[in-house]
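Common to both upcoming complexes is chain A, partnered first by chain B, then by chain C.
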Partner chain A sequence: MSMRTALLIGVTVALLCGCVRKEILDDINIESAVGFDEAGKEKIRGTIVIPVYKRGETANKTLTTVSSTAKDVLEELQYKTSEPLVSGSIEIALYGKQLAKQGIFPFIDQFRRDASIGTRLYLAVVDGTAKHLLEGNYGRQGNGIYLSNLLKQNIERRDLPKTNLHLFLKTYYADGKDPFLPYIRRVGEDVQVIGVVLFRGDRVVDTIGQSDMFYFKIVADGYSEGTHTVRLNNKKYVSIKNISTKRTISFSGPKTRPHIHVHIALEGIVREYKHGPFTSAVRRSVEKTFEQQIRSQTEALLRRFQEKQIDPIGFGDLAASRYRQFRHRDFYKHYSQLPIRITADVTIRDTGIIE
Partner chain B sequence: MTAPPPSVWTTLQTLGSSTDFQTKVYRNDTAGLYLWVSYVEPMVDMEFVARSIFPYLFHCPFSSLEEIHRALPIDDAYISSDPNNVKEKLLEGYLFIRLHETDETGLLVKAQKTLERALTVPEVEFSVVGPKESFIESLETNLFLLRKRIPIDRLTVKMTTVGTLSKTKVAVVYIDGIANPDNVQTVLQRIEEVEFDEIIDSSYIVQIISDNRHSPFPQLLDTERPDRVAAVLAEGKVAIMVDGSPHVLIGPTTLVEFFSSFEDYFLNWTVASFFRLIRLFSVTFSILITPMYVATLNYHYELIPKDLLGTLITSRREIPFPPILEVLFLELTIELLREAGARLPTKVGQTIGIVGGIVIGTASVEAGLTSNVLLILVALAALASFTTPVYKIGNTIRLMRFPFILFAEIWGLLGVAFCFCIIVTHLLYLTSLGRPFLSPLYPPRWRDLKDALVRLPFTSQSKRPETLRTEQPIRFDGKKAKQKRDIDE
Partner chain C sequence: MASVAERLQVSPFMTFFIIMSMQIGIGVLGFQRIIAETAGHDAWISVLLAGASSHLILILIYWLLQQADGDFVLLHQRLFGRWVGGVLSLLLVLYFAIMPFVVLSTYIEVVQVWMFPDLKTWEFSLALFLLCLYITFGGFRIVVGICFFCLIIPSYLVFTFWFVLDYSDFYQLLPIFDHSPSAILKAAKQMTLTMLGYETVLFFYPFIKGGKQSAKWAHAAVLTTTLFYTLLTILTLAYFSENQLQRQIWPTLMMWKVVELPFIERFEYIGIANWLLIILPNICLGLWCSSRICKQLFSIRQKMALLVITTICFFCTLWIDDRAEIDFANTILNRAGFYFLYIWIPCLAGITYIVKKVRGNV
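After this line comes the complex of A and B, so read on.
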């Protein structure tokens, strides 16, 4: 290395060393959750949670303010903190139901542009206000981590369909699919997942309750690990744990008015059946009843989507991948009248270890 | 006016100014002659002289030096009148015998004193399995240890002398017909061209003949194990042995060779490969962990996993210093401890360990000077840097950390990446005896990877390293070696 090169590197290093702003870990306030609510006319209430770390557990500090635009809400909170607020570690962003009905995209845009925020950020809509929910104290690791773990657990192991910032933006911009988000509510000192909210664009238009989430997840994700209780005709109940689901959607007929066929193949094991031995006759009847239930429930769900003119399953995108020169506009013109046929095939694999 | 040409007489006069130079006169009664015997006293084994030389000198009838030469039962004796030769030999421990005080011709008889320590267990490159002998300071003994392991005529030793004052004997050893003549020539030429007065140790040689003398990376491997030298000579490398040094230099070497312990060859290849990977991992860890700490805490809080955030913040909250000072404080403490431990005698060294480990470590955390997370990281990094089997590269690794820390402070992870690029560029540029230092990683020598990051079984080692360009690339018949020739199969 010649003297000149060494000098050049030295000068560059010296001149550029002020170019990155330092954010020393213990000298910043790290937001872990944010919430947005409607606050009267043209006003927005923003709430943030800052974890206050103590040895062994984490307390929550909640700050809230009212402003007129989305970006200002979080900026104005800087006036209330002694150390700079940084948003790189946000785990979850919440939106009040009222705000969500008017459109949440202006409040998502900033997350999309901030390079320090990961695209696996969770978004959720709150029954009530986000402020009320964030002011509670949940778990030992702070509200942000508690809420994101709550959603993560329900997505990976239960019936909540997979959502995050990336998927929301993808479906928001996609022509053939509409976004959906988890729907949560504060119940005393706990938070509960109560369903899924469905969007048209960035506005909430419909909600799916807990009981339908299982069917929705099967069709939307093609996958579910939850446990589902099947009620047999003779008022007996059997609880079935879902171990494998395969969902196939096929199209036939003209591309503007295709026939949609949804086939669901499900394998499960019996978790609970307290009405005597689980014979093959019982097994057959459970399989049949479950198939019947899947068919009717899913059909009702899909019909509802057709009536509301929303497509959270993404039939439009799926059809676009099957047909040449597919036009989404033509497809959605007839969307509400498209015939959808649903078939189900349930197999009980295992009935338990001890007979 | 020109100085008179040096004569034996003036040479002896010059030597005589030193009081340990002796000239004694003895009388041989049988022949009725006087003998002038000169020698440098500390270099001569007087017991040997009294036992094996004097009886012949005093009791044999002779009249000339030739007759004495014939009578003496000593091989290394000859008649010389060259003043320079006489001087050199006298200083090596020869007796110089003349019949008259003013004679210009005399008989040189070897009566050298040899004092050397016994062979010991290798201390720097100790291994649990395998041979336990190591080189010592005597070149003859070292060559003996080597020849014993390679008893073939093609093992060639080329001797030269370097150092204007020290006259150190340097032996270049290689196997003729295997080692690339270019490599041998390079080594010989560079040793011939050494310009230095006092060569004390082989580490002087390595610093003088290295391809890049300013690089912190050693470009010749030094080892104290005769078995290791024998093994690499068989691979086609060249060894440089220096008289007075228990460390033998091996070249051309590569960076990965510095991370291979010779014990790797004594263990099963799966275990050996695992250990080698562990070592490479620990070196990476050792260099990068504290710079990463500085970078993430200064600039990239969002990269810290959410569950770790609390741990880091609680341990950092009481610390009044920015991460860079905290890290430098602890790193320098560790370096101080290492340096103090290396200088002090063993018994006191243990005390230093206790003082350093327990008192400074825990006390600085309790006093709120450093965070305990960092203490663990720095201690682990120091431990990891000692896993390198070759001592010299361990020092390099400890030094490497500091530019990384500074760049991490200035530019965060970008700085770490930048510093990494500089070092990789340097390594790419580096050569060992003209052969690429980063081989077989770059330039890629796929076949050589059999003994680089992992060590494959001996049956797969049938070819010599490609990067050495050996004269005879095949070591043994690989196909034959893979056959199982048990009768019951």
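After this line comes the complex of A and C, so read on.
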């Protein structure tokens, strides 16, 4: 290898660098959240949030436009900005309730196709309109980060079951499981998680309220770290924090009409009990009551899913992994009449640092 | 033994790196979809089967090399005469020459789709082929060095699949053997394409010090690759739902999309950039093999052959420009590889065996 060739290669490589288009952070608008709403017949209102960085905090700029297809909405917003919009760091996509009832898949397709968007993107359905929610100002880091942190901490520490773009698509395409998304609402200058919306295909068909989220998460995710208050029959109550939850779902009988058995084993510690000492008699009664509650609430939930013909827990997919030559169609033909038995086993491990 | 000066040879354990770096290539980004289409959640069994069959073929290859004193081109000529043997070897020149260009075209497509839509094919391909010329001009030892580093450096990528575990449902792999044996075998056949690469040993064998000892390293390489592919397949099957997987062109890249690190938002960019290192040995060794056969066939200088082949490859990458054509080229290459390894090598072994019985030597 002579010096001359080496030099030639070096020069060529150097010249070829920088041939692709640059995107300098200061010269682009980075979308951090997007929202879609229904706007009259066959019209869609798209809203995006762009963080505007100022000293110490981040302000939000929202842009809205109305168009006829999902794809155009975000494209049309380009006309309203002086710098190009880039979608690489969208943290969350919101869908208005009305739109979600008609199907949100057309508005997810572009995220799925876009190589620059990560699959950890959160999706959520808004009570009211996404536009109204996005126009608020939350937190110091801008709306996008605020909303995604809100969901993140509720998933990791509270009773919101795991969701994101990947999981939505996974369950959307799965034969034996239906998707669900968080349900949020703007309350003054705050945003609140108010439940979970359940889908059939890509349409919202049911909503679970805050009080049932705990039970839903236990069955859907198989774990929960939330705190739950158990009301004892003598008007006393005790607050219990979950330490570990284990959910087992087993099937027996023929594969077209299996008996489903859901067992929930839960271990918790006492967070609050202010009605005298927490004796072992109290402990036993708390355990019994909690077990009873888990059984009845979960049963009501699952019964509801059966009536609505939706399967957010994924019984179909779980059954498919237990039976050979499983056919989802046969399973769902009898889905609403399948007997589901629920058992619970609660252990209170300790009472905190006092006796 | 084909005469190769000792100073040009490498130690036997380098075979491990050469073969493994050659096996793991651009196919890793998307093989899961194809085998899962045939064998569903049992696809990982097919990967193991394909690995096992590779071991068998590798045993045959080593046996053939023993018979031919390490020179495969000479074996062709001794068995079939100067002309027919020459033509057969010429087909191999073609096979190894197509490889660099197919690998590079596929890679450029990935870069264009995922990172830089306005990247010009010729710019990238020119820069890369110049680099490859530079490497291959340095001789076989330099190519081996590249194989070594291009396997070691990107190996950290294995750990990134840790993040995928969070979203994996391993019950999706059950029940095992839910698909018919014929479906699993068919997927195993499709999988053999991704396992290709160990056939290069036929040509670099003379460059290995004490060639015979390299057999165990070659097998170790095939085994490691098989295990890696099995692991990746299991993760993929657990991460995606079955219908979702069928909609991905590059499942491996999609899996990186869920990786989240404090200092990097989109990990797949790092992954794709690193993948250049993984395909570099593919291209270099492909060029080296084809030029080496040319040298033996036509008694020309290897550098001359390299220049010609690289130039042709470069113009071929310009000529290809959409996914259908790239897919077509990939299919052709894979099919050729399959027939070469699973039809031609056993046939050749049979013929050699008979000739040996009749003539007493080959």
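Here, the second predicted complex is superposed on the first by the 336 of 355 C-alpha atoms of A that agree within 3 Å, B and C clash if a C-alpha of one lies under 4 Å from a C-alpha of the other, contacts with A are read in each partner's own complex, and residues count from 1 in each chain.
We adopt the following convention: a contact is a pair of C-beta atoms (placed from the backbone, for glycine too) under 8 Å apart; a residue touches a chain by one contact, two chains touch by 3 or more.
Just so you know, these numbers come straight off a predicted model, no measurement behind them.
Engineer: Could you look at A:324 and tell me whether it touches chain B, chain C, both or neither (first, second, both, neither)?
Structural biologist: The second partner, chain C, only.
Engineer: First (chain B), second (chain C), both or neither: which does A:349 touch?
Structural biologist: neither
Engineer: Looking at A:89 after the superposition, I want to know if it touches chain B, chain C, both of them or none. Which is it: first, second, both, neither?
Structural biologist: both
Engineer: State whether A:24 touches chain B only (first), chain C only (second), both chains, or neither.
Structural biologist: After superposing on A, A:24 lies in contact with chain B but is clear of chain C.
Engineer: Touching A:169, do we find chain B (first), chain C (second), both, or neither?
Structural biologist: second
Engineer: Touch test for A:116: chain B only (first), chain C only (second), both, or neither?
Structural biologist: In the superposition, A:116 contacts both chain B and chain C.
Engineer: I'd like to know which partner A:53 touches here: chain B for first, chain C for second, both or neither.
Structural biologist: first
Engineer: Kindly classify A:275 by the partners it touches after superposition: chain B alone (first), chain C alone (second), both, or neither?
Structural biologist: Touch partners of A:275: none, neither chain B nor chain C.
Engineer: May I ask you to decide whether A:246 touches chain B, chain C, both, or neither, giving the answer as first, second, both or neither?
Structural biologist: A:246: touches no partner chain.
Engineer: For chain A, which residues lie in the overlap of the chain B contacts and the chain C contacts?
Structural biologist: Common to the two interfaces on chain A: residues 1, 9, 13, 16, 19-20, 88-89, 116-118.
Engineer: Going by the contact rule set out above, which residues of chain A touch chain B in the complex?
Structural biologist: For this pair, the touching residues of chain A are 1, 9, 13, 16-17, 19-20, 22-26, 28, 30, 32, 51, 53-55, 58, 86, 88-89, 91, 116-118, 141-142, 144-145, 148.
Engineer: Tell me, which parts of chain A touch chain C in their complex?
Structural biologist: Touching chain C from chain A are residues 1, 5-6, 8-9, 12-13, 16, 19-21, 88-89, 115-120, 166-167, 169-175, 177, 317-318, 321-325.
Engineer: Considering only the defined contacts, which chain B positions touch chain A in the complex?
Structural biologist: Residues 296-299, 301-302, 304, 306-307, 309-310, 312-314, 316-317, 319, 322-323, 407, 410-412, 414, 422, 426.
Engineer: Where on chain C is chain A touching in the complex?
Structural biologist: Those residues of chain C that touch chain A are 113-116, 118-120, 123-124, 126-127, 130-131, 134, 137-138, 167, 169, 171-175, 178, 240-244, 247, 254, 257-258, 260, 265-266, 268.
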